[in-house]
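Just below is one structure, and these are the notes that go with it.
A, B, C and D label the chains in the order they appear, each numbered from 1.
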Amino acid sequence: MAGNTFGTYFKITTWGESHGKALGVVIDGCPAGLSLSEADIQTFLDRRKPGGSRYSTPRKEGDEVTILSGVFEGRTTGTAICLMVPNTSQRSGDYSEIASYYRPGHADYTFDAKYGFRDYRGGGRSSGRETVGRVAAGAVASLILKELGITLCAYTKSIGPVSVNTENFRREAILTTPTCMPDEESSAKAEAYLEECMAAHDSAGGVVECRVDGMPAGVGEPVFDKLDASLAKALMSIGAVKAVEIGDGCAVSSSTGTQNNDPFLSEDGRITKKSNHAGGILGGISDGSPIIVRAHIKPTPSVFSPQETVNKNGENILVRIKGRHDPVIVPRAVVVVEAMTALTLVDLLFAGMPSRMEGLRRFYGCPSEQD
Amino acid sequence: MAGNTFGTYFKITTWGESHGKALGVVIDGCPAGLSLSEADIQTFLDRRKPGGSRYSTPRKEGDEVTILSGVFEGRTTGTAICLMVPNTSQRSGDYSEIASYYRPGHADYTFDAKYGFRDYRGGGRSSGRETVGRVAAGAVASLILKELGITLCAYTKSIGPVSVNTENFRREAILTTPTCMPDEESSAKAEAYLEECMAAHDSAGGVVECRVDGMPAGVGEPVFDKLDASLAKALMSIGAVKAVEIGDGCAVSSSTGTQNNDPFLSEDGRITKKSNHAGGILGGISDGSPIIVRAHIKPTPSVFSPQETVNKNGENILVRIKGRHDPVIVPRAVVVVEAMTALTLVDLLFAGMPSRMEGLRRFYGCPSEQD
Amino acid sequence: MAGNTFGTYFKITTWGESHGKALGVVIDGCPAGLSLSEADIQTFLDRRKPGGSRYSTPRKEGDEVTILSGVFEGRTTGTAICLMVPNTSQRSGDYSEIASYYRPGHADYTFDAKYGFRDYRGGGRSSGRETVGRVAAGAVASLILKELGITLCAYTKSIGPVSVNTENFRREAILTTPTCMPDEESSAKAEAYLEECMAAHDSAGGVVECRVDGMPAGVGEPVFDKLDASLAKALMSIGAVKAVEIGDGCAVSSSTGTQNNDPFLSEDGRITKKSNHAGGILGGISDGSPIIVRAHIKPTPSVFSPQETVNKNGENILVRIKGRHDPVIVPRAVVVVEAMTALTLVDLLFAGMPSRMEGLRRFYGCPSEQD
Amino acid sequence: MAGNTFGTYFKITTWGESHGKALGVVIDGCPAGLSLSEADIQTFLDRRKPGGSRYSTPRKEGDEVTILSGVFEGRTTGTAICLMVPNTSQRSGDYSEIASYYRPGHADYTFDAKYGFRDYRGGGRSSGRETVGRVAAGAVASLILKELGITLCAYTKSIGPVSVNTENFRREAILTTPTCMPDEESSAKAEAYLEECMAAHDSAGGVVECRVDGMPAGVGEPVFDKLDASLAKALMSIGAVKAVEIGDGCAVSSSTGTQNNDPFLSEDGRITKKSNHAGGILGGISDGSPIIVRAHIKPTPSVFSPQETVNKNGENILVRIKGRHDPVIVPRAVVVVEAMTALTLVDLLFAGMPSRMEGLRRFYGCPSEQD
């Protein structure tokens, strides 16, 4: 119960279903004095629908955000911010059939098992549209991080068997390729792979990576609210994610200590690391190096091939899913991964403020201790 | 701040450092009427020190648990349960040197960055001994699950390049092999690999897998407290874990929809799945199939080869770590992974009780609705 | 930070300012299968504007609620419910003057002290209109309670020096008297007193009492989430409340043990109490008797007499507040007290479900223990 | 469930029963670098047993505290602090009889109703001894507040009909009078009243007041985590408290706006108030004036007169409670009220740190905005 909230200090609660009146989010704990407009948020929302791609659903989603509360004269007031995105193009008719059976790979069966029934229209609350609230809140978190000198960059690292060539990394390409890959060449290969999948009435998965620059050392709360643990929850809470890696991730299990340890290095009075296998996190606390996280995303479960399943009468049937479905959801997940990463970082940056008496005294204007 | 608590409904708070007076845990939210003795918990704690293995630290850890509160006449009372394990064999002298520099791959630097100083003895709070509290609490969670017909089985799946042969799976072997592998033959190979590592003054990582049987469908809280998201946080909060997988995990990103989807199947009025790529979780909710999770554990960072690092004066130095250190921590992590999985499941089972009006009415003895 | 959420299991987050686009609430943790319509909620919201009374602000507040999410085909789905009430009759011009100074008894100064600036229009977030979200959520909580056989009745117990005569208690009168008193005669006296206050450009306070019938014994969580402690927080969080009493409340401090103890009584196999000084709560847990809580509400701080205060330039000034202000807010607070009580009860009813192994086993359909 | 935790940012979890092995508390979220010794905490614990008074139980409670974790070389490390107080003088024999019936005014019946059975020895978890953990944690909170220039002073304001004469207020007397009154003369009268009560086999209640000086303006989180709401919960969670007042408290309900409003006043560039009816809190946020809270405490329910009640077989019986019981618990509650107030203040001071972008930028060393 009550699982629609993320964060403790910078707390967001998302609401809304695929075919309800609207979707949105309440942000509780946003500091006062942040410059915030609907346009700031819209930029992020627009990234959910990669530009003109034929790999994303042709369903028009205007997704225009309205700020309902918490902003006055262009600045946040410190009170709860409610952001709303009306649903404008629901065609419930498309979905009436799926009310009667359980789509493989979807949450139809488990929602029924849990709640006794479900809003079957477009997946209801388990639809990818649920991420609208996450992305809108992530936009606000990103603005806060930016003011603290922290920047995020998420992108598609692979689709099916096609991985990006990191030597060709061009940040601008992320926003222009239909795959959200930072490398046009790899993107073209991935597109060719997707064409094959579509021709075979099949779908593809992939990997999204997010890199954080400018993160100060010392953020993350041992023992259970570690930075990496919190990121893992944040990313695994995204619909189709089945694995989360930090830094070298899975590769560490077959590495050795001498290979995997990152030597510390002192340069100009600043401590850095000679390598970053750890992905910027040691003991659950940021170490000042870039933070690297990856999410493995499963292939779209809505494939157009015939599938075996069960209907609500408990009969074994063969179904062929209709409608409009992306052959891959990875490109649309990029901004969601970035949003969830930003939300986690802000929450832990706030959480860490009372970590030291010295910081407390300074914050509340008390004289520093003399010993 | 305040990151030493895990769970919302079945809530544990661990405390204690490697070389302090004691370590322990407070369990808040344990139902009344559970039969519980110190012996029940001791069995789990004893699994933290795999039997006579030369791959685990020779430091004697008696780790004898005392129940300080919450149990009366052999049963839990519903009040907070405090479990304490005194530290008996601290030899702080061994650790005095590491006070002056930052060990690569350890949390020394990040603790200093966060808190301004640290309890350097044996890693203090970031020591593997911190898991004593987790395992003690996990024992209680496992007893609750057992009463509900839910059983867990964690084991070492791989060490370095050596993976277990699942065809030889023997559950009893987990408790008898020094590697906690369920397959003696693979274990022997892994032991040989560890000998090589030790000879090379190096260390190894590995993978722990946990399988849950008997889990009812319908457990897990959309959107952010999904079962998989909660498991990811639980496992990634364990010291050396750098990646978490659910079901097919990372493999999904290069799979296709038709391969990855699990067809539903109706048998004798019960709905199951023909395969379990999903690892027992769909849409963040258990689907009634076995739950499968994996944690990738990095090689022990304390290697005996010389390493570059920085001391507290900011000077670049070369260090050679002394003392007693496991060449691999994977076998000792097995029971920790099982404990964290159990704690997550209990928390979400409790969370899910008010999911339906029908269940509420039944629980509080109200007449069922007639329409 | 992040203080706009109430409850842990049945969790509400309110949002909105007096003169923003809308106010509302997100309810997270409402069980699936509750019959819920906008009309159900509207009934509660309409009670915020006591019928045609000249003691409540003549500002037209349509306060029409829309269900944006979480309800499908007339029933809750178990997902987050967002309720929105648009602000329709803001006249910001009325409030522009108060931007420049701090009204005594209001939160103007403390909001500035905390956040650096404030939305001054109509009190912004500290306006009484903030309770719209509470009342809308309280309506849903009340419907759940009703299904469990638990009913609430809040009313005005006193206004200024005029207390209701409990011998004349008529429940219907609560909804018809302009004071929300359950006794027409006392209400008439209170109205006369209010006329005097208005003539003197002054305002009045009063007491709201809420009685809960049908509460089962055993609800409330020792030690800190006691039923009385949770009610105290719930009621004291309402804008103008300065004291909260349970049962005999303040009177206990001058009573004696023999007077104040309630003897237990067994009747027809049911345990009750011969008296109810305790107000239905012992040791923080409901005892099966009616729950009695009271909130003391301060006089409306917006009086039309001249008042000394300070402006934003730090100058001492004399002000005369203009605009439309209720001479008493007690009648409008009645439904808010009832809503907050209902929200607290639902949260603790849910929290208590995993209190016993026996209940857990029954809930999850496991065989009962045999010893 | 899981109600043994107080606070979100400075979080304490208490554990232990009257006759178990030990009682204690885990403090999670204490900043690193606070000087802390067992003697610092012992001073507070010793105040739980007012000096040599014949109004407090003669049972010897050594109550010697041990710091089990979280402190290294005399300073807090930022990790969880576990404090333990062993129970040394349990004589369970005294309590065996009460296992069979429900004492009026106690939690015996409600614990059975909730949990199915109870630890009946000395009240188990509902004993006044449970406050040991609160007071130990409150000592740590008070030390933090002291470093920020915030001081607390709690005292007995009345016992039965005898109130202190505020004109004779002498702070030192609080620690020396057997009543913890700040006025020897009133204390003598109260003592005489208590003699009467004891002679009549009866008991007395009273009022504890706590005053906080040095509180900065701007602390408290609208809407639900208001400073006054949080204090109300904190104080009402103490065993025998039945009412909580802030500032003028109950008196506001019969006051008028012109009387109750506190005019603001600017002096030497500092904003204060000419009066303090509000008790230092406006809109749930501290206003810089002293904070004033009061708790009304019921008479000790263990009276030696015969009482009607019910036994576990459901029979109506007459009982006469034996053993050692204070005729009044008010003096012992003084330090508990102070502790709970301190805990609340620290929690909200920490919560408020991320309230403004300006403060965030300053804290994290970012350049201030230029517009």
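Definition applied: contacts are C-beta pairs under 8 Å (C-beta built on N, C-alpha and C of every residue); 3 or more make two chains touch, one makes a residue touch a chain.
Small disclaimer: the values here were computed from a predicted structure and weren't measured.
Q: Counting hops between chains that touch, how far apart are subunit A and subunit D?
A: When the steps are counted carefully, the minimum from subunit A to subunit D is 1.
Q: Taking each chain's centre as the mean of its CA atoms, which one is most distant from subunit D?
A: If we average the C-alpha coordinates per chain, A ends up farthest from subunit D.
Q: Roughly how far is subunit B from subunit C, going centre to centre by Cα mean, in whole Å?
A: So the centre of subunit B lies 44 Å away from the centre of subunit C.
Q: Indicate the whole-number Å distance between the mean C-alpha point of subunit C and the mean C-alpha point of subunit D.
A: About 25 Å, centre to centre.
Q: Rounded to the nearest whole Å, what is the centre-to-centre distance of subunit A and subunit C, using the mean of the C-alpha atoms as each centre?
A: Comparing mean C-alpha positions, subunit C is 37 Å from subunit A.
Q: Give me the residue numbers in subunit C that touch at least two other chains, ranges are fine.
A: Within subunit C, residues 1-5, 8-10, 14, 29, 31-33, 78-80, 114-116, 125, 222-223, 350-351, 353-356, 358 contact more than one other chain.
Q: Touching subunit B in the complex: which residues of subunit C?
A: 8-10, 29, 31-34, 76, 78-80, 144, 147-149, 216, 222-223, 349-351, 353-364, 366, 369
Q: Spell out the residues on subunit D that touch subunit C in their complex, using ranges where they run on.
A: Per the touch definition, subunit D meets subunit C at residues 1-6, 14, 102, 104-107, 109-111, 113-116, 125-126, 130, 158, 160-161, 197, 200-207, 217-226, 228-237, 239, 241-250, 252-266, 269, 271, 274, 278-279, 281-288, 296-303, 305, 307-310, 314-316, 351-356, 358.
Q: For a test of understanding, state which residues of subunit B touch subunit D in their complex under the given definition.
A: Its residues touching subunit D are 1-5, 7-11, 13-17, 20-24, 26, 28-29, 31-33, 66-70, 72, 75, 77-82, 84, 114-119, 124-125, 350.
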